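Two complexes follow with chain A in common, the first pairing it with chain B and the second with chain C.
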Partner chain A sequence: MSSENAQEFRRAALGLLARAPAARLAELLDALPAHELLRAPEIGTVMLRGRAGGTGAAFNLGEMTVTRASIRLDSGAVGHGYVQGRDRTHALRAALIDAMGQDDPAGVEQRILAPLRAEEAARRAETARDAAKTRVEFFTLVRGEDE
Partner chain B sequence: MNDLSGGFTDPPAQSANAFRAILDAMARPGRIVTLDGLGRGPAPISAAAATVLLTLADRTTKLHLASSHDHVPLRDWIAFHLGAPLVAAEEASFALGSWAALAPLDRFAIGTPEYPDRAATLLVDGHDFDAEPVKLCGPGIRDTAELALPEREAFHRNHARFPLGWDAIFCGGDRLAALPRSTEIA
Partner chain C sequence: MYVAVKGGERAIDAAHDWLDRARRGPAAQAVLDTDQIRDQLAIGVARVMAEGSLYDPDLAALAIKQARGDLIEAIFLIRAYRTTLPRFGAALPVETEAMRVKRRVSATFKDAPGGQILGPTFDYTHRLLDFRLMADGELDRDDTDGTPPDPGAMPCVDAPAKPALPHILDFLNRDDLIEAAAPDEAVPGDLTREPMELPAERPLRLQALARGDEGFLLGLAYSTQRGYARNHAFVGELRIGTVAVEMDIPELGFAIEIGEVELTECETVNQFKGSRTEPAQFTRGYGLTFGQTERKAISMALVDRALRWAELGEDDQGAPAQDQEFVLSHCDNIQATGFLEHIKLPHYVDFQAELELVRRLRASVEDPAQEGAE
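Let's look at the complex of A and B:
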């Protein structure tokens, strides 16, 4: 895997791990591998910024509660986890899977990321289906005014 | 592989204890404080200096690394644990290095008459506490105190311009001592 691909893989994996339900992550990674805590899980806030208005000036939307953790596996791989909310074990598992993914991308993809990705796609499809029920289609009958 | 380990495992308690120890050392010049609950950083930074940085430095603290400590592993460690911006000596509020590498000392901020607090604090790492001691007197010292200094003249000149001047914290192993600019070298 080239370094650019590896970075893209990590980026996608971290997003997936952050969005996954913490309980599901706990099922997929039941026993934590041996690791050293570089930064124990800690709770803080990050400012969400967006661009508003035509000038593109940054706009502070609000703060979001975030939990982060950093660990190192015995192999030397360093993993970071950032997740929304206050669940320390969620952040820790995300960091562990990030580090494990650097050692064994294929295995982690198969055991953890692929199921999470499928479930996320299913969740999104379901939301889209629910929303689709309320869709209203407008159409106009020919009124004959244009002639 | 870079080595990012050595941060505080229990930051609230460890940083409070370390802050108290640094405060004691600053308030009683010449007193050598042994730290427990230490942070560690990649060589050549001592455990005491790493603990001082973990306690006092953050994203808003301008830090200067003297040539003795300006190595990539230590830069990475600082970026991860402190996020402190690394700056030139003239702008620094903290400077880390061996005594020889920190020279020339007139590069560092000594504050202004209106704001004497805008001065640098020198973290002198790898200090030899067992060298020939010098007699000290001044605020925080009842009669006289003794502390080994890397040299005498620089501290004498620094005290002469009080209330301006830099302050120094000496670190070596797990011990530290401090010499604020108010202390007179007897």
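Let's look at the complex of A and C:
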């Protein structure tokens, strides 16, 4: 994998891991591989921003809770996890999978990322389907004035 | 002035003990689960997150349970908890154009590209109490309505991560019919870090409004509709859905998504401005809030627009919604309730002084001779 591809792989994987339910990650990575904690899981906040008018000047919207962790595997690979919420094991698993993905991207993709991606797509499709059912189909009554 | 008062300790302990029991309710009843609050009282949870200025549905549900459903008390708990957490940094501004919408309506364009999507709305309900909810709480759940899923509506796994649903006001913008909302990369001020100074720029005002009290902003917004700084707002677009939160991570050296949040965004199209030299253009108001909170987002947009009178060259009509000192100093319900509720706490010495004064004034009226003799 080129370094550009490797970065894109990590970026996409970390996003997927952050959005996944913590309980599901625990199922997919039950036993944790041996690791050294570089930064023990830590709970904090991140300030979210919006833009006036959707596209204009940035403003501070409010914070959200975030948990982060950093680890090193025995292989030397260093992983970082940043996930929404206050679940320490979620951040730890995200960091571990980030590091595991640097050693064995194909294995991590097959074992963890592919199922997460499919489940997320299914969740989103369900919401999209519910939304689509509430789409308004306007019709106009013919008033005959143009004839 | 306050004075140390001792002797209330036992009474306070007993009061808090009673509070705990009152919160729990009859022991024969099932205890309320915070997951149930999060999922079944989601609109209340959204309000606590928006005004608590902290997006975390689980914490907001806990706060509502602890506060016995008193949402302002719950917001207070969230604000207090937030101060205990370190801040890791700021996210990149959210891209609301890439929102995965569950609701998106426009009051200005019937046939907006992308369509009008009603979502889970109270609109068009008859506001009649539904006694079925009291009987057993169960509704008919028939998710299979017979129609097979439309394959076109099923995003495939390889679909681009960021679907774009253009903002409806872009169509006006394209023809210069509405003022532009040009990107500005300046770092916005943060009223949770620096005390707000007035007059405040629009980004700071928007932050204050986003965490402001829904009822207060609703009343002010309504006042603009009734003529106190009328600005003829149309809801150009109202959308509710989830957006990705992306942040630059220093240890990685690139930005990643760290989660997603549900937001409500309201863009209003307002009364135009123009002159002999400048062609007329509509103006904008903007509201953006956590969760499904559309009454708040619409109120925020109307008040935002009213506060912009000076930059748009409008007259100061002396209306409350135009007065940023009035609006921004009073929209925070935690500041307001803190000052309001403190007057019920012991003020014995202040009151003794006042009592003494009134007695002397009365005595002087009853016996003027005595007053003169003094």
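In the analysis below, the second predicted complex is superposed on the first by the 137 of 147 C-alpha atoms of A that agree within 3 Å, B and C clash if a C-alpha of one lies under 4 Å from a C-alpha of the other, contacts with A are read in each partner's own complex, and residues count from 1 in each chain.
Just so we're on the same page, a residue touches a chain if its C-beta (ideal position, glycine included) is under 8 Å from a C-beta of that chain, and two chains touch if they have at least 3 such contacts.
Model, not experiment: these values are computed from the prediction.
Placing chain B and chain C on a common chain A by superposition gives a fit, with no clash between them.
By the touch criterion defined above, A:118 lies against chain C but remains apart from chain B after alignment on the C-alpha atoms of chain A. In the overlay built on the shared chain, the residue A:76 is in contact with chain B alone; chain C does not reach it.
Touch criterion met: A:14 reaches chain C, while chain B stays clear of it. Within the superposed three-chain model, A:36 lies in touch with chain B and out of touch with chain C [touch as defined at top]. Number of chain A residues touched is higher for C, counting chain B against chain C. Of the two partner chains, chain C is the only one touched by A:53; chain B is not. Of the two partner chains placed by the overlay, neither chain B nor chain C lies in contact with A:107.
Smallest inter-chain Cα distance, chain B versus chain C, after superposition on the shared chain: 6 Å. In the three-chain superposition model, chain A touches both chain B and chain C at residues 42, 70. Across the complex, chain A is touched by residues 1-2, 4-5, 7, 9-11, 80-81 of chain B. Per the touch definition, chain C reaches chain A in the complex via residues 49-50, 53-56, 58-59, 82, 85-94, 96-97, 100-103, 110-111, 115-120, 149-150, 153-157, 159, 161, 167, 169, 180-192, 202-204, 206-207, 210-211, 244-245, 247, 249, 251-252, 254-261, 263, 265, 267, 284, 286, 288, 290, 304. The residues of chain A lying in touch with chain C in their complex are 7, 10-12, 14-15, 18-19, 42-66, 68, 70, 80, 82-86, 117-118, 121, 124-125, 127-132, 134-136, 138. Contact residues on chain A toward chain B in their complex (touch as defined above): 36-40, 42, 70, 72, 76, 78.
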